[in-house]
């Protein structure tokens, strides 16, 4: 009996669980209006088409956990994606694996630089990344030199996003691997817990011997690395590299985290939350055209849904707190 | 440089024919027809819609080539963002520099009016190319292809590809994009106008906001919603690219046409089942830029004023006449849209 | 009078010329002059008249800078202002095209902006747990979405009668009216932030919200006022932007929020709250505007200009930090 | 081989602008409890941080078991068997208790954290400390005392040979302190050497065998606790004699000023009623978590009560936020001076006039000149140890910060002053001064509510004592009838 109660309490107490409920309700409502939504193919399409945002959400989780923010990620992505595209276009590198390594390397360097400026130069993350948002985007334009890399130039590279292993698309596999790695690292390893520690109480972390500056550096480097990876993925998925790739989409990534219950002041948030948050956004994007909302109103509806979800989160949290208080004996 | 895209291309026009064409414009015109001369020595600016876009770049290249050949100075300006706001700053800057003319591809029909009026007040000649401003803020519009002609060409393509009947859909950029809407409306008109289109059913106009991800979502939604869909027509370069990729990857039986860049679409154009797009249309951006340059020069040296009925010779591109445009202003038309198919795509994909 | 132990505490502020000159604002003034000299040397067109003529479009962003400085001092952020400008400009054009008297058109601009700001403020004060960034991200999408719906197919609206707007776009000699209004607002907002109890309260909230609240400061009321004023100023910006555009479209005001934030940050106003002076923001605003105008006139690649701005932004924060560290090391 | 496990010589530590330690020395014997005492700001905490490698001393040497050592950072100290419970909690509010305990030395196998094992070990440690919470609880949800316990568990978990406790009892009540004494005794019996910092003499007498005193960043001396007197110690610490620690003045109690009737807030406190008169000091006491802070926060409008009424001078009043309370003449000096009381980055002057700046302002414009004069007066009134009114609040020691918080209340005519733990972590000298101010206020006819967990203080200063337990008022005692035992009995009513 007591066990049962605590299980129930666990569910109502956990943000992830309440998000899961939101997610399920969303899915049911959408399936009622559009039966094709719940098919395997539709879901696979959705995951593939949102993989880039979903992967970057992981990096952003780390950044937000230590109380930082990174609004340069879409620019980093464009820079690395464009680099890969240009390398292929001019036939300098053709090997898909090498190209991915290059993209990841570029992203890692971009992130490392940001991390250095933030952790060593003590520049506030929003300012530093705002600067780099302009810089990396500008670099993407400069290396593009008014050229795009298109399907024709991308040879076998674009096949990566088409291929599959055991029926699961490569892109989705990459995403799942990222999620599994993050899940394990954040929950089961020292490094992951250090990120939580720094975000929860930086001073304490310092005193207990954690090199907070290095954790900060690491988090931004990982963010950059993932953005770089996503640059290559995006080029492969859409068979096209353009310097304005994912312009402004960093906000979607941040929104996905916040919807998933990641605190913007640090210390709170989980991989499961990031997954649910980005899934909710992906579902909204997928469903809006399916359920037949007027095209012109789609943005408004999207905005309203985001606002409603975050406000609902607060309200349920308040109700939960209140219930907890009721339970406390006087 | 290939310039065969424009159907108006009448081959190597000699200078004689050009003076013929401009005989009503008097002495100034003589100079203008005189392959450059002093008239070309001014400063001519072209303002594109956005940076980093090969189409815009080719237009600018065409523009620059003509101006420089005529001995003038060409200024190519890309705005910092693809918005009218950003173009206002660009125009203001050009006024400060005291250029002789501005040839602009407007990001918004209306929002450049104040800036362009100011430019015209300052004695700067203003013409538009690619996408126009309202008549108050231009002297003439260099139209890449008539709206009517584009609508007709696309509609016929849909008819042809669908085999004469069935469901089709449009994948556009944003629901607010003016030229997209004009073309879509033109297609609808064409469809009403003749019985041969009666077997076609336009099921939806979807909008991908010129974002690959959203366009992909929209294409997939179309496929899911309409299992009997036969053709998608995407009169936007980003949209057609995303749709082509989706259809080709899924080996869908749905076929695609629309307006797209040959370099971007080369992979998808072909007659067989392996390719999603049998053919599509576009105009030649280089010629568009060249015509913009000739028009700018003609405006500056007074050969034309932008009034209906003005005629001039655009160097080796031949003669052009200014006609009334639907919006009450004037325009000249580069030519009919050019068809890209399996036969010619290879020679075009490296051009733009 | 001294305490019981006879200890006295000094209360005369230490004034030093060196400190005044070497403050961030002092550096910015120097930078402002340098940049103007630089621009004049690279561009022949960089003359007083031309700069003033090009300025109005940029000045509309300054309207946003003033209240944004307040919001940053609070330790918060508002990224919905660009969208507010868009919605407000749209409604203004619509009101004007309905044939309303110009006074009513002005009122529409201000009212729509104010309502948007109020909406932000109400959400943020009623759900204090929510981070401002994410709330204003949501309202940004919604405000622009509403403008999209209002603009309908075509996504653009033009003034059928721009007389009123031509009037407010007028000039005294070569100086546009909007310049005077910006200066007026600059003085007004700077004085409020620096000299009044309201301004002090804003700093208190930004430095330690709890302590401010315990000290009897109306934290939520002040936040509500500031967000509403932010909306109001966005409305004002929309009004003058319309006088530069004679119309509005779905991309109107895109990126204004980032420009306003960048100006403020470059001016020494920290996004973490409680730090910086509006004066710095204003000087840096003009510095950035002049740089943009100058580089624009030599037709520099716009992306390169953005890269330069990005580097300046980072250096503006990085250099003082590094020199402070060096100083500490030297002293130790 | 040295007699001392730990020995420090000639330690000097300079912060920008302050010499926090000036050539101090210290010796710790094996298995002894060594008290470290001194005024606020004497440098005790800084000294601890030098030992644990958090700060690097500019000069001086350190010997462990007679061997010279040089810690690069906190990790080296941990590895050498030194653990510390710092003065300001260094916990991670968002993480679980077990994680807090094992942060930095998690139990790891094959690179993976062994959650199950860690929770078990944490539970074992907590049991050892008789803790009433679980290892999986979230740290942020615990009370201050419970968090303190976790900190101690953390020190224990490293199997340290030297454990340093920096003011562990500051937030603890008598009972909880007893619990802590027991733990320290046990550790000492196990051969652990302990450095114990406290401002409470009873802690020292109860635990320590030797005591070292610092004053003004300097080493004053080391004494055997046996045979030392209060007066000697105070003289060593303060540099002067304090005659009367609790200078409770004789004040004629006036009319009723504040009356609280049936105040309730769900989950926090229930049906609380009491009243305060002019010139009266009410002691509000109870165990930590009894709900005292919550009650006074509701009176002052920080939170809203669900039910109940508050009367001021007989008239019911509505208080929605702190400013309303201040307008009515009620001010709260909050418990957490760093988070709620002061803006640490601001100068003292600005801090002091923050609640009253509106009063001096003309048409909304701040009158800075007047503010400077007034803040100088107020800060001198409470005898703040500061050079100028522009010194940032962060540059002051805890006691002096508390005095600034008190000064905030003096800038305006108040009727009721509520002090929540005003002497927490404050040294004897400063404590006496705060009591003095409190007495002066009472003399002026203020009604005062003093919340405290320290028995001597409550007994020494209050006219009447109200005891709370589990959110309810369990009794009211007059000055005459109150005794430590009586209060404790009421404070633990519930557990009976």
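Just so it is clear, A, B, C and D label the chains in written order, and each chain counts residues from 1 on its own.
Definition applied: contacts are C-beta pairs under 8 Å (C-beta built on N, C-alpha and C of every residue); 3 or more make two chains touch, one makes a residue touch a chain.
Owing to the predicted nature of the structure, the values given are computational and were not obtained by experimental measurement.
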Moving step by step through touching chains, the smallest count that connects chain B to chain D is 2
With centres defined as the mean of Cα atoms, the chain at greatest distance from chain A is chain D
Between the Cα centroids of chain C and chain D the separation in whole angstrom comes to 43
Averaging C-alpha coordinates per chain, one finds the centres of chain A and chain B separated by a number of Å equal to 38
Cα centre of chain B to Cα centre of chain C, whole Å, reads 38
Where chain B touches two or more other chains at once, the residues are 51-52, 82, 175-176
Among chain C residues, those touching two or more other chains are 148, 152-153, 301, 303, 306
Within their complex, chain A touches chain D through residues 184, 187-190, 193, 196-197, 199-201, 203-210, 267-268, 322, 324-326, 328-330
Per the touch rule above, chain B residues touching chain A in the complex are 50-54, 56-57, 82, 175-176, 205-207, 212-214, 216-218, 220-221, 224-225, 241-242, 244-245, 249, 261, 263-268, 349
In the complex, the residues of chain D that touch chain A are 49, 52, 54, 73-75, 78, 86, 88-95, 99, 103-104, 106, 108, 111-113, 115, 266-270, 470-472
Residue positions on chain C within touch of chain A in the complex are 77, 79, 123, 127, 129-131, 133-135, 137-142, 144-146, 148-149, 152-153, 258, 261-262, 265, 270-272, 301, 303-304, 306-307, 309-311, 313-314, 317-318, 321-322
Note: in the complex, chain C contacts chain D through residues 1-5, 7-14, 195-198, 200, 204, 207-208, 210-218, 274, 328, 331-332
